[in-house]
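Both complexes shown next keep chain A, but they swap its partner, so chain B is in the first and chain C is in the second.
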Partner chain A sequence: MDKIAKGKRIDLKTVFPFLGLIAVMIFFQAVSGGRVFTPKNLKAILNDSFFILIATVAFSFVMAVGNLDLSMGTVMAVSCTCAAVAAKASPMLAIPAAIISGGLLGWFNGFVHVHMRLGSLIGTMATQSIFTGILVLLLDGGTLSAPISMLRWGTMGLKLTVMLLVVLLGGYFFNFTAYGKSCKAIGSSAEAARLSGVAVGRVKSMTFIVLGAAVGLLGLFSLIRTGTASATTGSDLMMNVWCAALLGGLPLSGGAASKFRAPIVGSFTMSFLSNGMTLMGLSTHDKQLIQGIIFLLTIAISFDRKNMTVIK
Partner chain B sequence: MEQTEYMLCAKGMTKSFGITRALKGVELYLKKGEVLGLIGENGSGKSTLTSIIAGIQPADSGEVTLCGEAYSVKNSVEANQKGICMILQEKATFDQLSVAHNIFIGNETAFQKGGILDNERMYQEAEKILAELGVDGINPRDKIRDRSFEDGKLVELARAAFLKPRILIVDETTTALSQNGRAILYAMMEKIKKNGGGVIFISHDIQEMMEKCDRLTVLRDGDYVDTIDKPEFSEGKIKKLMVGREIADNYYRGDHVCSYEKEVVLRFEKVTTKHLKEVSLELHKGEILGFGGLADSGMHDIGKASFGAIPILEGQVADKSGEPISNPRESMQKRIAYIGKNRDQESLFPNSPIRDNIAIASYKKLAKSTFIAPGKETAFVQEWAEKLDVKMQNIDQYVMELSGGNKQKVALAKWLGFGADIFVLDCPTRGIDIGVKASIYRLMEELKAEGKSIILISEELPEVIGMSDRIVILKDGSVSGEFERSELLTEHTLINYMV
Partner chain C sequence: MKNKTMKKLLAGMLSAVLVLGCLAGCGKSGEESADTPNADASEEAEEPKEAPASKADGFKIAVGLPDSGATMFSLMSNNIIAMAEAMGGTVVFQGGVGASADATIQFVEDQIAAGVNGLTISPPSDSVLTTVTTLCEEAEVYWGITFRSIQDDEVREFVESSPYYVGRCYEDEEDTGYRVMANMNKSGVKNVAIISMAKGNNTTDLREQGAQRACEEFGMQIVAEARDLTQASDATNAAESFLTAYGDLDAIFVVGTTGAGMHEAVAKAISDAGKSDTVKLATIDFPDSMGELFEQGALITCSGAPSWGFDPFIISSVLMNTCKGTPISDKPVNIAIPMFDINEVDTANKWLEKYGDASNLYFETDYISQTLDKANNGDLTEESLTGIVEQFVKDTVN
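So, the complex of A and B:
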């Protein structure tokens, strides 16, 4: 009895993201004449997916609650800049500077949503603009560079370790702790969660703080990778992460249908997609156009229109 | 059967929702000038059948004839045009619109002149319709959101009255109405009956059904069971037809003794909330404390305030050691549990599996430091779902797929598993069938025997009288009467203190 009913739950929505990933892999492998699965290219894909995966894992908690975040790209740029400023004093200082600045901006997002009681979409739209202002002030119209010594930090080993750690921790908290379960409960019904003893405001704030800190960490790695902090840092992060989350099958309304496999599958789909387009010789602008179309199609297919009002 | 005698005939009606077969070939015959009661447990298909007739959803198969002609409608507007109107169980008014605009919704053209809506005439007409119905105290200019749920239902009645239907369907509306509101509804039904129309009436209250209906059609699990005429009405017979087996007539508490221990476990000290004015009272260990009153008497605030779910403006709710309770998390630390009147919004996560719904209150208990072992959670949920006898496929089934009674069992399992000492139950048997109702009453008796305390808030007076050790009646936010359990206590006595 148990098994039969469980079997039934494996429906199209579960398989679809996996099929998408496989389809993307096969398509670009064929079109590029077998250039996708080469050691060198796979390394490039891992480099790409590093940013998308870590941000999407952190974002999946925000989404499970039923919230969204428009400010993450800017948070990454601010953290990157903070890291660059701190690195001038001492390179090691860059690490806490990036993570703490990101966490603080995330906390502010949570404050706006929870205490000023604004919808996350409108709230983070406003904070995104504020953060951009801070970014411009910090950069003073130019760019900041990292000490050369920091560029050596960016080894594949470190990146893989961090990635693995984030996925393991994320999966643990998402599926096996009261925190992750509370996130999904709030996404299902915030009022019922409150009346079941969930500290709704605190949990919501925490999801934003964690996302901010994770994106702050990415700001640090962006500094290590490119050596500079500029106004364009992180500008493509948000779109990539939103796409990855939707391609992976995270529902916009949050709740119990949010699964942890989604950010992982979605991130790799997005990385293969982006890489494949580069292999085909598409320019950044062409890629943006196509990515926009893919985003629209994914959301059109996956959007649960019945639960529209649930999105806050 | 002679066809002409009936104004509405439905035959072989079927309807499925996914794998759930809500109707499996049901029939219904409505005579001219009668009130036909449609009765059955939750999930028996009453609402599905009537909403198909009212054009709210299509049937999978089946044949409906209206006055001898084939009847098929695509939506409720078409049904209205053919003279069929339905009052829904759920809220069907628009918050942002005025009372008058709600009454005439979809029929605004009648008040148009050159494309401009004559609001003034609309208000006057609305006032007339409300007055004819006997509703007073509702200004047609008020926004619905400023009116109570009951007023909303009365506005829906006015909307139906304006359409002058030949057939009126009333789906479980009386639970939302006070005595006065009910009188208005009954008068309206009587009028339609007199004018040669017909009424299909749905209610869980068997007494009410026996009083108001001329014939009763009984459904069970989507099947047609039987139709009985007024002379054959008896509570025992109807219940038997509904559940398919004998049910004892008296399913409330067997004893008539008011009993509780001395220890006070919860204390209201001059509590003022939005709907309560300086209410002071005490709940004792092993006591079932019942609350009755009209919908706006503030009795639902008693439940919410006991659980710290609403702001307390003045005074305090304190536990046995005198510590105040100000939010649900604190009250849970003091072992208080709350099941709200609006089950689907307040007590349950309909879009989540049974597992999450039962475990949510007990994560602290289940976690080892932060880790919640899936096996431990499964065992816990399984244990309590089975103890409460929840009818389910497995614990990963979604709660929205369950019937009302089973949903309530899930909510109860959550708090029993949590291990509460005080249970605050607001309308625990609302919209629940007899079988589950009886099991909830038995459960309450068991809890009392174990020394747990219960606050029972209910719109059904027989239930309050039948279960409580003490009964508090509220009126306009204040205590208007307090009674001890006694055999002599009647509904009539209590109602005098309510209005």
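So, the complex of A and C:
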């Protein structure tokens, strides 16, 4: 349904994510007695959105080509573990260890999808299981801890800088480079993109590598934040990122309708939602229930049934 | 042109939200503000820094624990709520917290943002405690540990140096693991499979150390293990695998779990395999189904604290007193709760009568107010609180 405003047509689907974010902010600000926009709470929201935003920005490239990834939480856990192992030799080594291991696992996801010709959903479901096995082997059924000196790295200044860099770089590549345009072209029609000279397989692989590296970076920050690498690291990431992407308005079918504002709006909506529910005193189980309902409703509203009959 | 209109529209809407937010934030009545102490940093800034506890009259604490929904969790929360009411404060609970490092840190950050004065956590490993210490110090929020001791010397030193750490309440896990194995040995058990938490969990690591000590002493053997199971169906699968792979298995020992219905699932798997006469069950922490399992002959021994929720209850009492500005000690408390064994159905049923009902209170509210509230009982110290704990255990056993 469209609206007419000042003689111009405004697509409700475009405005919907912004309205959602605003509604969430107003609702929780009202019911929490004005405790949402306090410096302390905004810091908590930024901390929360840091993980969701970075992963969703990277995931938007995967979604733009019309793919999905079920393994990102496990990739984060493996990267976190690699970082913890490397940090024992030298804390600085944890940085490349996390990003490279994430990128490698992302490359493997791309390999499975492109060269083994498996749908991304099934392919990443299989790789998730493989990565979980690797994780258990690395952890030997236990946990690893970070050197205490590393825990001081997790300043808000660093997080804001990284967030800003990721958003700026993501926005630039998504909107202004051949790579970003190729992603959307593939999502609209892979065959047409191929005939236009786009290296479809390479671009698809690259989206998984970028997501893997970004999630690897988050593995590093998770280690800095919690001081721990365990089998449960990143267990909430996938659900949060999927919800954020869909709440922001990224279409499951990918293509030209994918907009870069979606991961940003969606991530903040998710963070405000999660934080607001905590301020209301809801338990983890209640929050999961509400999150699941919102996820379902968002898919029901935004799913492009005409252009996508089968999830790839 | 369309984009410009959109941008103007959205900019206007966002501005409206921020203005509304500010108005809503400033629009609280004095009474509401008093109800939510520590609600925001601007309020804090107006308070003298040396009196963070005294302003918490009408304090609020948060308790974060893994919650399986079993009776023992409800019993724990009802008792802590009763104590908070008796001491003039409020308490919020969050389940699913101690199961992972991420969830623990998220809990701490969220509850600090929500304006609590104190936190009780059950950390999954020592490594998260450094971050928790830093977060709580920055936010001037008191906190304590339940169920867990601190094994890492470096971490313990760091945590105990914080003025916002009030202490820990835990059980002698190593000895308990040893005792359960010793009891099994008396029943002729030699080959044991264990179901436990992930390695790195302080509680089950210590219980397993005790179990290993018993193995060496009594010539027993841990032949297989399954870890970090959260669903009853996982316990069934694990038990079936043990029974299939180890024909000479004598017992399955549930060393620790946060899942509900795990013991029943294991007992059923043993029964379904037709091995009820040869393979027995042992556990730590009294399960809701303990009476039935003893009656069936499936369970041969279990050990636990007088009540599962007693650890968080005791450390919460320490925390509440600190939040009220009347700490019971000027250094972190260290209270170990003795565990005891139940080996037969009558004792199990007596225990269940006492603690199988989630509405039962450990202490009457008048007693809490007069004895556990330092404001009314100036003699309350770490030593006297330990004495109350020991008396409670004696009363439970008898």
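Just so it is clear, the second predicted complex is superposed on the first by the 301 of 312 C-alpha atoms of A that agree within 3 Å, B and C clash if a C-alpha of one lies under 4 Å from a C-alpha of the other, contacts with A are read in each partner's own complex, and residues count from 1 in each chain.
Keep this in mind: a residue touches a chain if its C-beta (ideal position, glycine included) is under 8 Å from a C-beta of that chain, and two chains touch if they have at least 3 such contacts.
Bear in mind the structure is a predicted one, so any value in this text is a computation, not a measurement.
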Checklist entry - So if we stack both complexes on chain A, do chain B and chain C clash, or do they fit? => result fit
Item to check | Partner chain(s) touched by A:Ala256 [first = chain B, second = chain C, both, neither] | outcome: first
Checklist entry - Which holds for A:Thr177: it touches chain B only (first), chain C only (second), both, or neither? => result first
Next on the checklist: Per the contact definition in the header, classify A:Leu195: touching chain B only (first), chain C only (second), both, or neither.
Outcome noted: first
Checklist entry - So, A:Ala185: does it touch chain B (first), chain C (second), both, or neither? => result first
Checklist outcome for this item: Per residue count on chain A, the busier partner among chain B and chain C is C
Next on the checklist: Just to be sure I read the superposition right, which of the two partners does A:Val36 touch: chain B = first, chain C = second, or both, or neither?
Outcome noted: second
Next on the checklist: Going by the contact rule set out at the top, does A:Ile148 touch chain B (first), chain C (second), both, or neither?
Outcome noted: second
Next on the checklist: Taking the superposition on A as described, I'd like to know which of chain B and chain C A:Leu246 touches: first, second, both or neither.
Outcome noted: neither
Item to check | First, second, both or neither for A:Ser283, with chain B first and chain C second | outcome: second
Checklist entry - What is the minimum C-alpha distance, in Å, between chain B and chain C after the two complexes are superposed on chain A? => result 12
Checklist outcome for this item: On chain A, the footprints of chain B and chain C overlap at residues 5-6, 9
Item to check | Contact set on chain B toward chain A in their complex | outcome: 307, 309, 328-329, 332, 338, 340, 345-353, 356, 359-361, 363-364, 367, 370-374, 393-394, 396-397, 414
Checklist entry - Tell me, which parts of chain C touch chain A in their complex? => result 1-2, 5-6, 9-10, 13-14, 17-18, 20-22, 24-28, 32, 36, 39-42, 67, 92-97, 99-106, 109-115, 124-131, 134, 139, 152, 154-155, 158, 198-200, 227-228
Item to check | Touching residues on chain A, where the partner in the complex is chain C | outcome: 5-6, 8-10, 14-15, 18-19, 22, 25-26, 29-30, 33-41, 43-45, 47-48, 139-146, 148, 151, 154, 222, 225-228, 230-236, 275, 278-279, 281, 283-285
Item to check | Contact set on chain A toward chain B in their complex | outcome: 1-2, 5-6, 9, 172, 176-179, 181-182, 184-185, 188-189, 191-199, 255-257, 307
